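After this come two complexes, each holding chain A, first together with chain B and then together with chain C.
After this line comes the complex of A and B, so read on.
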């Protein structure tokens, strides 16, 4: 593995990979039910989880698994950041909010729902959980754009703005969910996070998922 | 005042080549700046059941002018002549047209096109529009791709959607990429619409004011929503800056998270302080070098309180500070670009804008809120933003002093 990628996690179609190893294969193809299995698997206890929207739940769980057994105490909070790619923004929760305002006689927009209509609330949830105070950025793209994200990470590291970045692709839509997160370290030598290798890794994980299906 | 010196050996500056904006105050930079210097507000009582079931106070774009302006530039489109654009796409496209008319921006592989928005084509989720345009069109990447195709950019469009800091953060991130040579040029457009979707959401939060908002004032009671679009053309090529224009550079930026609450800012201001510190460090400036601050100032109780703490922590509380929210409303994904462009005009004009709606200090720590629009010497200015998800960003613009 690339030496400045400390760990990676992949969740899709009821399977969970850690560093490319299959660690959980869900019984249930339904997104929400598989998320429950991951929550149990990772032995998480975090009541705030239950109020999150599906995108935040997915990103949160992937980050929990990613950060387990990682020694982060030596990094200043403001030098750990999160930057992810996403496709559908917050489409699922957007539809829920829209339904709540479609009929004037049944008009009940909810603040607890509306707050999740911003994709960076997902990265915010991860920061709150872990106390991370570094840069957050959510870029929207039709497919995971490894080249752009790696340019982003490399320039971030070269400018010495961060020590550690959680990055990747997190997306939840009607018939699709996928989280690919990796932990990238600024090793001080400005070692590039190679876009081609990240892209290959991502494609391998997708292929492995298809085999498990 | 400590200026950014132009480095003759390695020219790694990011120049602000050209800008454009459309808002409730009008279309084009001149109309907006005249209105701002005149103290006009675009925030009005809106009674339009098509937009929202009840009366509310907000800042709206003139839709007739929008369509007229769009008609004037439609011939520039790389898409088929009969292609139907949405209101959001038109807002972004005509603002970019405002830049293009002044100076034709490049669209080659060295140029990044980035859209800064929170909700894009969100009105397309309404049942009648959903039927017409389909689900895919409501996606942010799709809107960005259509705007990209209109202008013929070769690179894939990028979208930054990071709540209310999107615009400031976009400038900061793009500046870093240009300085490090990833791109030579960038065209950033920020846009968000005033929609029932967003109004109803903020109403449910009870965070909208029923009057023109009063940032930092003791009588502030919430924000106004607004709609706008703003575009900034940045480049590492100094020669693109029109002759006899001041050279303005992006001298530094920073971004952070409060890690406190998804819908409430930090109680200490440390997140915003980190963003400001990071921006100062990158610009190689200290607090004393900052001459003017365009703050976020939404006029909600918690936001303005947090900013007073962050600006004090950063040692900037005595600098002239304003918020533009009582002029434009809160324009979400456009706000950071719109308010930066206004601040850049202020820097060129050496004129600071009064913080409309402000009378008496209503935040825990004393800030020097500008009460009167006046001439003011400036070299380095700071623009800040904060938003849902605990996000904070800061960017510094400097007037370049050419080494003699």
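After this line comes the complex of A and C, so read on.
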């Protein structure tokens, strides 16, 4: 494990890895049903979860598993942040919203869907759940851009703006879902989070997932 | 009225994604907001859409919302009185 990465989580194709160890292999290949399995597995009790859109549910569950058993109490809320990559934005709930406004005679946009049509609502939900008040950002890119994200974290740490950052890639559309989150710590001496190592870790986890499929 | 109340419970569970809840767990006099079901402001908007979409009832005066959406029973009474 890299010295300033405290923990990492990977969810894809009905499998859940914690720190590279397979901890859950889902019984159901359907995205929504596997999320329910993760919710039960992590013993989460958070009714607001059910109201979230699929992207928020995925990011929220990954963050819950990531933060379990982590000692966060000693960190000020203002110094814990989250910055992640995402490819498809909120495509799934966008489609649902679009369906509800396609026809003038059946024009019933759902407020509960509409409020989730921005990807940074996902990171907002994670911050609300945990009381984090630090950095909160989502960057759209075709693939997980380890170089960009690590540069961003390094900048946050070097400027002494954050003690802990959750980062990674959370993405979902109708054919694919994936959450890779890691918890990076600033040890006060600017320990750079190295993009190459993070990228290698990410690729290893994807390979492991393909083996388990 | 009984059927309408039963339908409303199902519709609310579906519209508000109250997946942990069974219709039997919602009392017809239970408060929907505050200490009752704990619904929030977005849920209130969703209930307004539900009334229009499923029952063709438009709430013209938002001030009425507090009384209409007090409970399942008050919703059912309002629907019965206003459905064309």
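Operating definition for what follows: the second predicted complex is superposed on the first by the 213 of 213 C-alpha atoms of A that agree within 3 Å, B and C clash if a C-alpha of one lies under 4 Å from a C-alpha of the other, contacts with A are read in each partner's own complex, and residues count from 1 in each chain.
The rule is short, and it goes like this: a contact is a pair of C-beta atoms (placed from the backbone, for glycine too) under 8 Å apart; a residue touches a chain by one contact, two chains touch by 3 or more.
Owing to the predicted nature of the structure, the values given are computational and were not obtained by experimental measurement.
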item	value
Touching partner for A:130 - first (chain B), second (chain C), both, neither	first
Touched partner set for A:141, first chain B, second chain C, both or neither	first
Chain B versus chain C as contact partner of A:115, first or second or both or neither	both
Chain A residues touched by each partner, larger count belonging to chain B or chain C	B
Which superposed partner A:91 touches (first chain B, second chain C, both, neither)	first
Contacts of A:47 with chain B and chain C, given as first, second, both or neither	second
First, second, both or neither for A:104, with chain B first and chain C second	first
Contact residues of chain A, present in both the chain B and the chain C interface	109-111, 115
Of all residues in chain A, those that touch chain B in their complex	77-78, 81-82, 87-89, 91, 94-95, 97-98, 100-102, 104, 107, 109-111, 114-115, 117-125, 127-128, 130-142, 145, 148, 151-152, 154-156, 158-159, 161
Residue ranges of chain B touching chain A (in the complex, touch as defined)	53, 118-120, 122, 125-127, 135, 138-142, 144-145, 156, 158-163, 169, 173, 176-177, 179-180, 182, 196-197, 200-206, 254-263, 270-271, 274, 278, 282, 387-391
Chain C to chain A touching residues, read off their complex	15-20, 38, 42-43, 45-46, 49, 52-53
Touching residues on chain A, where the partner in the complex is chain C	47, 50-51, 108-112, 115
